[in-house]
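The following pair of complexes shares a single chain, chain A, combined with chain B in the former and chain C in the latter.
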Partner chain A sequence: MAMLRISLLALLSHWRRHPLQLFSILTGLWLATALWTGVQALNSQARADYARASALLAGPAQAQLVARRGERFEQAAYVQLRRSGWPVSPVLEGRLRFAGAEPLSVRLLGIEPLTLPPGTVVAGQPGGASDLRAFIGPPGQAWIAADTLQRLGLQPGERALTSDGQRLPPLQVHTQLAPGVIVVDIGHAQALLQAPGQLSRLLLPADFAVRPPDLPAALAELLQLQPSSAGDDLQRLTDSFHLNLSALGLLAFLVGLFIVHAAIGLALEQRRGLLRTLRACGVSLRGLIGALAVELGLLALLGGLAGVACGYLLASLLLDDVAASLRGLYGAEVAGQLSLSPQWWLSGIAMSLFGALLAGGNSLWRAAQLPLLALALPQAWRAAQSRWLRRQALLAGVLLLLAAGCWRFGDSLLAAFAMLAALLLAAALLLPALLDATLAVLARHSRGPLAEWFVADSRQQLPALALALMALLLALAASVGVGSMTEGFRQTFVGWLDQRLSADLYLTPRDTAQALEISAWLAGRPGVEAVLPNWRVDMRLQGWPVQLQGIVDHPSYRRHWPLLEQRADAWTQLAAGQGAMLSEQLARRLKLGLGDRLPLPGAEGEQHLSVVGLYADYGNPRGHLLVSADWLRRHWSEARLSNLSLRLQPAQVAALKEQLEQRYGLDATRLIEQATLKRWSTAVFERTFAATAALNSLTLLVAGVALFISLLTLGHSRLGQLAPLWALGVGRTRLAWLSLGQTLLLASLTVLLAMPLGVLLAWCLVAVVNVQAFGWRLPLHVFPGQLLQLALLGLLTSLLAAAGPLWQLARRQPADLLRQFADER
Partner chain B sequence: MNARQALLIGALLLLGACDEAPQPPGGFAGLGADAAAFAQVERGRPLQFPADHGAHHGYRIEWWYVTANLSDEQGRDWGVQWTLFRSALRPGADEPGWNSPNLWMGHAALTGPYGHQSGETLARGGIGQAGVEAQPFRAWIDDWSLHSTAGEGLEHLQMQASGKDFRYLLQLDSDGPLVLHGAGGYSVKSGQGQASWYYSQPFYRVSGEIERAGQRYAVSGQAWLDREWSSQPLAADQHGWDWFSLHLDGGAKLMLFRVRQADGLHYRAGTWIAADGRAVALRGEQIQLDELAWTRQANGRKVPTRWRVRVADHGVDVQAESIQPRAWMGTSFPYWEGPIRLEGSPGGRGYLEMTGY
Partner chain C sequence: MLIVENVYKSFVTAQGSLPVLRGVDLQLSTGSSLALMGESGSGKSTLLHLIAGLERVDSGRILVDGQPLQGRREAELARWRREGIGLVFQQYNLIGSLDVAANLSFQARLAGRHDQAWIGHLAERLGLASLLARYPEQLSGGQQQRVAIGRALAARPALLLADEPTGNLDEASSAAVLDLLLELVSETGSSLLMVTHSARLASRLGRTLYLRQGRIQPGEA
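And now, the complex of A and B:
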């Protein structure tokens, strides 16, 4: 034990003399852990909130009855079922809008506490445990999470006013409730949603649902049994988003480990003498390795603690953006505050230990192999270089094959990411070989001793710098890929939005009656060019929520509704009630293409439409279908007029808006100008990628640090190579410049290779990952300006990384260089 | 039977609180203040039939309660209970839709040689899931019902209910008169003068079928229907009650109850009903009730399941023994209710209900 302590102290004394190395290792572990745990914190917070959302009405594997067509059905069906002995419980769901600086929409859940299936847990507590009389009212209660209450800017006990002028029962905070949800008694829900006598679904006790009797004939056409899956839906929809975040986090973690690996390698290199001395003094090999392992563990613990703390900080900084994107993209509600379990902290530390072991394992192994009395080999990573390169290239080839296989045969997001990972790894492994080959070509064309030395020595540096260069390559390529994807998406999205949002005013009426009234009133107004009604029916197709939109035949659709693919007379067929157009993600989901027949469950049995067009519908987690309004209303009596698009003469917009506001009591959430709508949509988009962009730049930063530390490592061991040149008459400053040139040569070659790799990555993201994750495929955009900017950034990073060690070199005392000859070699 | 109010109010306000001891209703905040706004039970209003068979919406609390003593073809004893409670959350007329102030609760049970099964169901008023109509008489909750099959009043009823592993479908017929308890149905309940409207039809002959664990039995026997409504809760110091309805050999009927008070001065009352339907109200001192044997129930509490019942003025001195000592109602608000057999003079059978143990 005393031996261990002494060896440990001896080993640790190294760090006192090389604080920069200590700093590098800790920084590496710290950054790697911080990025990884930060991403994990975001993911686990979001997942916990989904779990709370799906646990909103949780019971032992509940089943439910839902409408076959449409979203809601008459309450009479509930009473009829109860009176036939079905132990069902009614639920009404909908969204409430609240006006405010930023209009807010909240999910409203109406439950009937008396009939809830036994064992049902409402908002984390048994269904019956609350005060029934107070809940039902009057005035009743509206349960809400503290987070949502805060977003609404209200106090407990207040009665919130919806933008429709409906007053909620007094708000009551329930800590277990999911964010973005308000729970009320079903009677209040029907009033608030203006859906008297309407229900969304009927809950069934699990034991009853195992072998339910046949539905009464009259109801069998109206309702169908469905396993409960609202929460799973959310989980499934958002999985891709979280996988994206995880992938970025993992990339950052790996890049961080490059730093640790480089620094630990350097420390071992410099302590070879010390290790030999300790061994010679009688420290057993086991004791020595033990001491090294303890040292590594201590470093990992320190770095891990700092990393987890920063991960928390990072997550809380990004959480708002992530929550906003999840809300915007999927309608998923995530609280704006982190609450993490102890497991998360522990797993962060564990990840740091694991990373340290991964990065330092090689060094430990080499220390264990250290011959007791043999002299140190001058070049640590030099042995069998060409064989090493060949082996790496071979591995890279296998990985490329794997990537190709994933691309060709894969049909899941996981396969898409596997392809991405294989591709990146292959590129990284190929990098040294490619650089070596390039240098070999250069060597053949070099004239003069110094030039030949320049190239040859660069080749010799290659193995030592390979890992850092790989890190740079990966980080740059990821930046290029994600940057191109984001920027490309932005342009596509904005263009799409410009085309799609072509009306001047968008009006969401209270109900169909009001919509018809407004249409009639508008028809006679001057300045109104067209009033385009949108009829709507919500349904499920193959278990996926889908929105049917019925539109009238109007030339503005032909002009302004961008189609990805279409048949020759698509719009004519649609207007005739023979064709339907599908959103891209819906078509992929249902595996339908142009000309296929699409069955839709209508009142008089299935209706069939031919697919005549496909369009992009970015950012919509639901499926979307465009059909003729007349056809829709003929087959779905419950179709409602959900909104009106008004095309107006520009001069009349403001006046008409004001008139509409006053005449029909429409507020800002119901009457929206085109520009406002665009601004909102773009804001959601920006926030969606804010987190991605932040993580991405952090990764690049980590790669820069990795390169810096690798060069530092190299700088120390390179004196041996530089001393002879100095002895031959090359000045120290010149030597420094030459070294800088070497670094820049290697870095620029890497940066050059990173560009096409990044473009390839961008293609993978838009054409494979996005399709799997979101259901839409984007055109590949390459932005030369962006590439140039990133290339310069990469070079600048290398330059900065090289500057420090070179500055040291230039200031080296001649005595240092001389000593190289005086030492054993 | 004013005491049943406590059961109802307690059960509906404390749903799911099965493991908690029943709380005295006086403990519910605001309940006493609200009570004044409900219709009050006042002496002198003559009951009117068939209108009074229906719901009395101004009152806080009301029930339709049937207990039947049955025998199968092998002569074994069975008991059946069918109950519909109405409780108003607030005073005022009924409203259609979820705004209705009414909550409904149904209890059903089947007790016999193989044990005791019970079921419970709950419903909101105003939407048609549960309710009572006076003419023709119809009371229902979910797929349970008690409805008239002929005539204007309660003479001919069909009664059905089901629960886990049991169901029954019975026909009830009576040619006897309705029995009004107390003074023309005005039934005083406590020393503090609380009262309720209370009448019974104790003369039903029953035939029909019961089903238990998939096995069906043809049964016949007698049944007793209770109707009661009021607005006042139990006094704060009353924590439970024991209630008897007895079919005596020779055709007479006897209703007795005892509300147990914290001070030990239990409030007793009852009605002697001659075979021809003439009713005589019994005062507390005419009634003697003594527990003889106790049985531990599913909730761990002991409940008296053998009694000595004496009404000397009418020559009654019997031992009442439960047919199934574990006739525990594991409902939202648990209590004991089951058929009993009488030994002594005269013999007979009946039903016993006990709460607050």
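And now, the complex of A and C:
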């Protein structure tokens, strides 16, 4: 123990003399841990909220009866089942809209607490634990999470007013409740949702559902038994989003570890003498490695603690954007405040320890293996590096094969990310070999002693800078790839929105009756060119939630509904009730193409339509299906008129909007102008990629820090290499410029390689990852301006990273250079 | 012709100013050789560095062919080192990233006086012909010192400054290296100023001066 303590103290004394290296290692661990834990904080907060949302009615009620068609069914079915001895409990779900500075849509859950299966947990509390009398009312209670209450701008006990002018029961905060949800008694829910006598599902105890009696014949047509799956849907829908965030976090973590690896490696080189002395004084190899490991652990603990704290801060900053994206894209509610478990903090520290071991393990191994008495010989190091380069190139080849295999045979998001990871890692491993080969070619063509030295010395620096350059390559390629994908997506999305949102006003009526009334009123108004009703039925196809939209035959669809693929007479067949058009993601999920037959579960049995067209439906995580409105209403009597698209003469838009608002009490959430809808959609898009852009920038920053620290730590040994040139008559300023040129040469070559790699990455994202994650494929766009901008940013990062060390060099006094001639090297 | 007149030099240390040279005078005529001896810390290397333009004098003058070194800008001093002198260090100070051939020709090419035939001749004479493709770290100490001598003489400098050029070598190797050095200096017609601790080596040169406590011993300038 004493030996370990003494060895440790001796090793730690190194950092007093080299505080910069200590700073490098701690910075690397801090940044790596901060970015990783920040992303994980966002993910775990979101997942915890999904879990809370899906556990609204948790416990033995694991099964449910739902409508075979449509979303709701008559309450009479519930009464009939109770009379038949089925222990069912009714639930009604829907959305409530609240007007305000920021219109809010909240999920309303109506329950019947007296019939809930025994042991059911409602909003984190046993169903029977609450004051049922107060809950059922009057005036009843509306349970709400503190976060949602805050977003409504109300206090507990107040009664919220919906945009339809209806008052909720007094609000009561339940801390365990998921955000974006309000729970009321089912009677209140039916009134608030204007669904008298309607139910969404019937809960069943799981043990009863294992072997249930047959449903009465009349109800068997109406209902079907299925396991509870709302939470699963949310989990499935958002998985790809979280996986994307995790991938970016992991990339940043790895880039941060490059810094740690470089600094620990340098510390080992500089402490050879100390290690030799310790061994000579009788410290065993095991004791020495143990002391080095303890030292590494201490550093990891310090860096990890700082990293986890900053990760929390980072997640707090990004949470709003992520929450807005999840709400906009998936309708998933995530709380606006982080509440993380102790496990998250501990796992952050564990990740830092793991990272330190990963980054420093190689140095520990080298400390145990290398002959400590040997002096550091740069050329021998380069020769050893050549062997490493060959092995790395071989490994890169294997990884490229793996990437190709994942692309060719993979059929999952995990395979797509494995392909990306293999590709990036292969490129990073190949980088030193490619740079070395390029410098070798340059060496053959360089003329003049300084040019020859410039290239030869750059090659000699390569092993020490390789990791930082790899970090720069990965960070830049990720920026180019994600940037091209985002920009391409933005252009495609905006173009698609421009085409698709061609109506002047979009109207969401309260119900079908109101929609029909409004249609009739609009039909005779001057300035109204067309009223296009959209009929809607929600269903599941192969377990996937799908919206079936029925449209009328109108030329504007032919003009404005962009199709990716279509049959020659697509719109005619659709209007005739013979064909259907599918969103791209639904077609991929159902594995259907043009001409295939699509089976749909209708009231009179399965209906079949031919697939006549495919269209993009960006941002919709659910499947979407376009059919003729007449055909839809013929086969689905429960189809509701969900909205109206109004084509108006431009001069009449404002006046008609005002008339509609006044006549039918429609507010801004129900009557939206085209421009507003486009603005909202674009805002959701921007916020979706805000977190991605922030993580990308941080990763590039980390890569810059890695390069800076590598150059700074190289600074001292560089002096020994530059001093002879100075003595031979090369001025200090010129030497500083030459050194800058060397850094810029290596950085430029790296940036040059990062550009095509980034474009390849963009292709992987739009053509493989997007298809697996969201079901849609985007055209690959390359933006030369953006590439140039990122290339310049990469060079600027390198320039800034090199500036500090070079400034030090340029300011060196001749005495410092002279000392190089006197010191033992 | 090299003239050093009443040169003073001191260094600032944590303990205050440390005078190293206290009024040194010496002369070295073209084509002649001079050994500079003295105890450690007597200022020998400092004087060499001042003549090479690696340091600046506090006061006094150093004249080369009648032209003073003081007052020259750094770029002019760099040019002086590049074109006017050859430097041989005890630690060789070869450029690790270049092979022997490139090291040999490096300064001559910097000075724009590259003569491949002469460098080939130097390599032959220095026994380096078979080692041209090697890197400095692959050579022994004696071989590295021979490369350093070859590099310094490749541009045929008017003045060769050698700071304990055989300090790291054993006696036999020292003698052999010095033989070569003197022969080649004679071939190039350079003047030679060599710092050494060895009286035996010093005796091979034309003159010897002793530096004690920053001053040339009286009567020996």
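Assume the second predicted complex is superposed on the first by the 776 of 825 C-alpha atoms of A that agree within 3 Å, B and C clash if a C-alpha of one lies under 4 Å from a C-alpha of the other, contacts with A are read in each partner's own complex, and residues count from 1 in each chain.
Quick note on the criterion: a contact is a pair of C-beta atoms (placed from the backbone, for glycine too) under 8 Å apart; a residue touches a chain by one contact, two chains touch by 3 or more.
Keep in mind the model is a prediction, meaning the values are calculated, not measured.
When the two structures are aligned on the shared chain, A:Gly665 is found in touch with neither chain B nor chain C. Residue contacts after overlaying the shared chain place A:Pro212 against neither chain B nor chain C. When the shared chain is aligned, chain B comes close enough to touch A:Arg82, but chain C does not. By the touch criterion defined above, A:Asp457 lies against chain C but remains apart from chain B after alignment on the C-alpha atoms of chain A.
Of the two partner chains placed around the shared chain by superposition, chain C is the only one that A:Ala727 touches, whereas chain B remains out of contact. Of the two partner chains, chain C is the only one that A:Gly448 touches; chain B does not reach it.
By the document's definition of touching, neither partner reaches A:Pro156: not chain B, not chain C.
In the superposed model, A:Pro599 lies in contact with neither chain B nor chain C.
Comparing the two complexes, no residue of chain A contacts chain B in one case and chain C in the other.
Within the complex, the chain A residues that touch chain C are 377-380, 448-450, 452-453, 456-457, 459-460, 721, 723-734, 814-815, 817-818, 820-822, 825. Against chain A, the residues of chain B that register as touching in their complex are 12-13, 15-17, 89-90, 97-99, 103, 121-124, 127-129, 140, 142-143, 162, 332. Across the interface of their complex, chain A is touched by residues 11, 45, 49, 52, 54-55, 74-75, 78-83, 87, 89-91, 93-98, 102, 105-107, 109-111, 135-138, 151, 163 of chain C.
For chain A in complex with chain B, the touching residues are 75-76, 78-79, 82-85, 87, 112-115, 126-129, 131-133, 136, 138, 185-188, 190, 196-197.
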